[in-house]
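What follows is a group of structures, each given as structure tokens.
Two complexes come next, and they have one chain in common, subunit A, joined by subunit B in the first and subunit C in the second.
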Partner chain A sequence: MTTTAASMDTEFQFPEIYNFPPFFTRQPNDSTWKEQRRMWCDLILSYYKYNNLSSMTLAEAVSDPLFNNKQIHRSLRVDTLREVVEELVKQGNACWTGPKNTRDACLIFWRKPEAWASIIHQWASENGMFNMVFTFFELANGDDTVEQEFHGLDPLTLRRALDVLQGQGKAQLFVGTSDEDIGVKFFHSS
Partner chain B sequence: PHTAPSAGSPDWMCSICENVNKGGEGKCALCGVPRQGDSVPVEVDDALERAIANSMRQHARCPVCTFDNHASMTRCEMCDSELQPQDSSVPLAGNMARAEAVAGEDPSAPCYDAAAGDGDVSNVELIKLSFRAGGSSSFYTTLNETVNSSTWLVVDIDSAADTPGGAAQAGAVQRSTTARERRPTVGGISTLVSAAHETERARDVTLRSAFADLDALTAMANEILGLAEQIATQLNSPAASKLRKRGGSESDEDTAERADAFRQYLLDLGIDSPVTKDTAGAAFHEELARELCDYLENYVSKCGGTVALVDAYCLYNRAREFTLVYPSDFVQACNKFSALDLPLRLREYPSGLLAIEDPGSASDALIIGRIKRYIQSFGPVTANDLAALEDCPLTLAEERLWVCERAAQVCRDESVEGVRFYSNVFVDSASGSTGDNARPDDSDR
Partner chain C sequence: MRKAVGIGGLRRKEADRLALSKKGNELAQREIEKLQEHITIMKANLEDFVREHQKEIRNDPMFRGQVQRMCQLIGVDPLVSRKGYMAELLGVGDFYCELGIQIIGICVATRSINGGLIELDDLQQRLIRRRIKGSEPIIEDDIKRAISQLKPLKGGYRIVTFGNRKMVQSISREMNPDNSTVLALAQYTCKFTVEDVRVGFEWDMNRIRSCIDDMLRSGIIWVDDYDAVQPEYWVPAFFSQMSGANLGS
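Up next is the complex of A and B:
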């Protein structure tokens, strides 16, 4: 399910709440649930950031260590996880990617596309890349971007980020025959 | 010492219907078939048989109520009237004579023939004589003479008197046979019918006596109630309270304490004059609510301020003894608590559970405070734990935990072991450190 293999020198340090059994039960009380959901959102985002992950298939994810604490024998239910992801989508930190708009799979943006967009645009301006055409592959995997944070970014997130730049008038996308063949040209902010 | 029962005839079994007949019988009592030569004699322990026969024969029948008393009785066990002394030297003759004499003495009194003592119900006879315009005295004299001379026994009486024991026995059996043969012997269906009648009559008697017992019990119950009331008034009397007040010596205090406890029991026992629809009329529910409140107030405070409605209903109805109230009336009365400004309230929990509460001692804040303390000292609790800790019904314990949950004071952990409640770390930590652990890209939103 992960699109990018993460180099894990050290294990992710789970927060204290991860060992609190009620954390894995959907709280019926509204205010309690809001807090619980916020904590789950935080945990998912920091976990995905740490491991540099992006996509999630809900039914498979609930058996991951993130949602299944073997020490206290608790795991999150799929429908509860769906509610959490729903909230992430509402915040712009995730989007549903399941076929036919089903809510079975999603993409987690531990950094929002807008943030990626500004990072990429800054890189372009710093390196004098304006008015030049890049392919997606070059951006994500090219030699020029090895030092950059967005090196190795998964294509869907990258596309989202560039969409944002295009919307701001800072880039132009050239759509080819396939998704891989997209080209992009950066502009000064207009 | 006795001779073998060969002189008399042993009981025999009818070859047709296998009914066991008396030795002297010529026909089967059940099917009326004459005794066959090869009919099987029944082997019965002679001694036992004779003992039974003797005890049957030696009943002293009461002349007034016809009860068969034991031979040793001098007065009737049933009606206490004097029994006629029995001529023990000639048991059967005396018995029969007495039976006839009884019939003569009181013609209107029903009397069984003594010959029925052999257990054959078909031989029961009723003699009733009535006289109009005199003639009774002359009849009586004649009858008396006949009875006294016992003309029908003259032949046998010699042998019976000469040879006591087995021979007498044999003679007696023979005599009873002769007595029987004078009557038309009935067999077959009519015997069965009369046997059925007899059983029915016996059952009737049993039933009547049983119900007589019940009446007696009711009478006694009233007496006991009266007694209890009397004790209660005595305990409430000024003398008793003086005794309690004095309380100087230890024993006095002890008695006073005991008296108090006893009074409490009596109070718990019942309500003196419960409100009913008849007495209260239109104001029934209001009156009921008042009485209910008076009765339940102590109990509710003893139970930590909350009693499930069902429990309260049972308790209250038990106290009312006979004049029970309907559940609907009960709930209506409870609903009037607040309108009547009574100290109790009927509370409906979101789950639908109804409970009677004392709002002063069972406020949510108090409950939440208690449960938080429990969790602090005992760790996470289940409804079971809470029920044990608070000594309250499980349903109430659940409701209390839910009250806490709704107030966001606890949070739940559902697992295979059940639902366990923890103190609410989510809300606590949120209020303690909001924004400290800023999420990634928080600034972007």
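Up next is the complex of A and C:
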């Protein structure tokens, strides 16, 4: 994020609903709850984007400022958060991580892996990187990508994005000895 | 020498009275004709005036209000029919129609948050924000007129008051009187508890429960169970105005 003036508040700006105490209580009315859930989904995605975050452990997250408004002394309950994340998963904006069926941790995609995939492929195309092998580490942390939005992307999201490209025939993955060793080769779309 | 008042004198007086009365009627008739002539001229002048100042009328709400009142004074209601020549001249037919559509848009977009109840001031702020910069300013009177024009749509759009709060309701069903009573109780704090209602109105628990459940079902209130024993019920439509908040995007 860039700021135009040094005095400008660079803190994340929470929407007004964040100061509405019942926003932190799961509403019993179904249509109100759907709207409430939609607003939580939007808030999570914009907060994660603003702070460039990706992973979430639910039990810990509920004490983060995102889910805990100290000014009005309200915080979201873990089971309510779980329902919200469930919705994000359904939309393709999150996936559960950790042991199966525990639903205690997740990865938030403020930009969907499909969108990352096309950004990465475009970079490869514009810079003549087809048919060359990169390691995951080089892609996310190498000098060639410093200017790119996907520089510093977390390995899991990167993996998801490259899986998408492989599925489209635009990349091939080579499994190495560790996750960071995984290699990838980009192709022109076939 | 004193002239006696004879029968002839009486007759002459009667004749004079009749003549005077006839003259009077004639004068009155002429006055009315003159007045009608004036009104016709005034109407014509008003038309010219409106045609000439169409831009100002659209841009200046105070001026628009004055012209409206002037029209009403001489018996022309520019809003009576959309085909009315004054409505066309004033461009107000389009103006209120357009405003009405924007009001519907805002009410529908915020309905899932506020249950179809929005504070008039809040609606006004949203309308002003939504309108393109440099377009006609909106005053409360405009909103009232636009809403009264929405009546034929049967969408239930109307202005209701709870205590001192003027709200625009956009759901067709009637507000149950108990709900209105409780909303008026919450007008300043934006919230209430079961206990507040019990103390305030001495209703029995069944009545309070069913009133709250009804409002929760229609989305007019949200529950905050921070205090699990005595949950608070919040009215988003009131909260929105109180904090200058813009609930919902």
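Please note the rule applied: the second predicted complex is superposed on the first by the 179 of 190 C-alpha atoms of A that agree within 3 Å, B and C clash if a C-alpha of one lies under 4 Å from a C-alpha of the other, contacts with A are read in each partner's own complex, and residues count from 1 in each chain.
One rule holds for everything that comes next: contacts are C-beta pairs under 8 Å (C-beta built on N, C-alpha and C of every residue); 3 or more make two chains touch, one makes a residue touch a chain.
All values derive from a computational prediction rather than experimental measurement.
S.K.: Sharing subunit A, do subunit B and subunit C clash or fit in the superposition?
M.R.: clash
S.K.: Tell me which touches more residues of subunit A here: subunit C or subunit B.
M.R.: Of subunit B and subunit C, B contacts more residues of subunit A.
S.K.: I'd like to know which partner A:74 touches here: subunit B for first, subunit C for second, both or neither.
M.R.: Both partners, subunit B and subunit C.
S.K.: Name the contact category of A:29: first (subunit B only), second (subunit C only), both, or neither.
M.R.: both
S.K.: Going by the contact rule set out at the top, does A:19 touch subunit B (first), subunit C (second), both, or neither?
M.R.: second
S.K.: Using the touch definition from the top, say if A:114 reaches subunit B (first), subunit C (second), both or neither.
M.R.: A:114 sits against subunit B, while subunit C stays out of touch.
S.K.: Is A:92 touching anything from subunit B or subunit C once the two structures are fitted on A? First, second, both or neither.
M.R.: The answer is first: A:92 touches subunit B but not subunit C.
S.K.: Figure out whether A:41 sits in contact with subunit B (first) or subunit C (second), or with both, or with neither.
M.R.: Only subunit B is touched by A:41; subunit C is not.
S.K.: Going by the contact rule set out at the top, does A:168 touch subunit B (first), subunit C (second), both, or neither?
M.R.: A:168: touches no partner chain.
S.K.: Which subunit A residues are contacted by subunit C in one complex and by subunit B in the other?
M.R.: Shared contact residues on subunit A: 15, 17, 20-22, 24-25, 27-29, 31-32, 35, 39, 42, 73-74.
S.K.: Along subunit B, where are the residues that touch subunit A in the complex?
M.R.: Result: residues 380, 405-406, 408, 411-415, 420, 422, 424-427, 429-430, 437, 439-441, 444-445 of subunit B touch subunit A.
S.K.: Under the stated contact criterion, what part of subunit C meets subunit A in this complex?
M.R.: So the residues of subunit C in touch with subunit A come to 112-113, 115, 216-217, 219, 222-226, 231-232, 234, 236, 239-240, 243, 245-249.
S.K.: If you look only at subunit A, which of its residues touch subunit C in the complex?
M.R.: 15-17, 19-25, 27-29, 31-32, 34-35, 39, 42, 73-74
S.K.: Looking at the complex, which residues from subunit A come into contact with subunit B?
M.R.: Per the touch definition, subunit A meets subunit B at residues 15, 17, 20-22, 24-25, 27-29, 31-32, 35-36, 38-39, 41-42, 45-46, 49, 73-74, 91-93, 110-112, 114-115.
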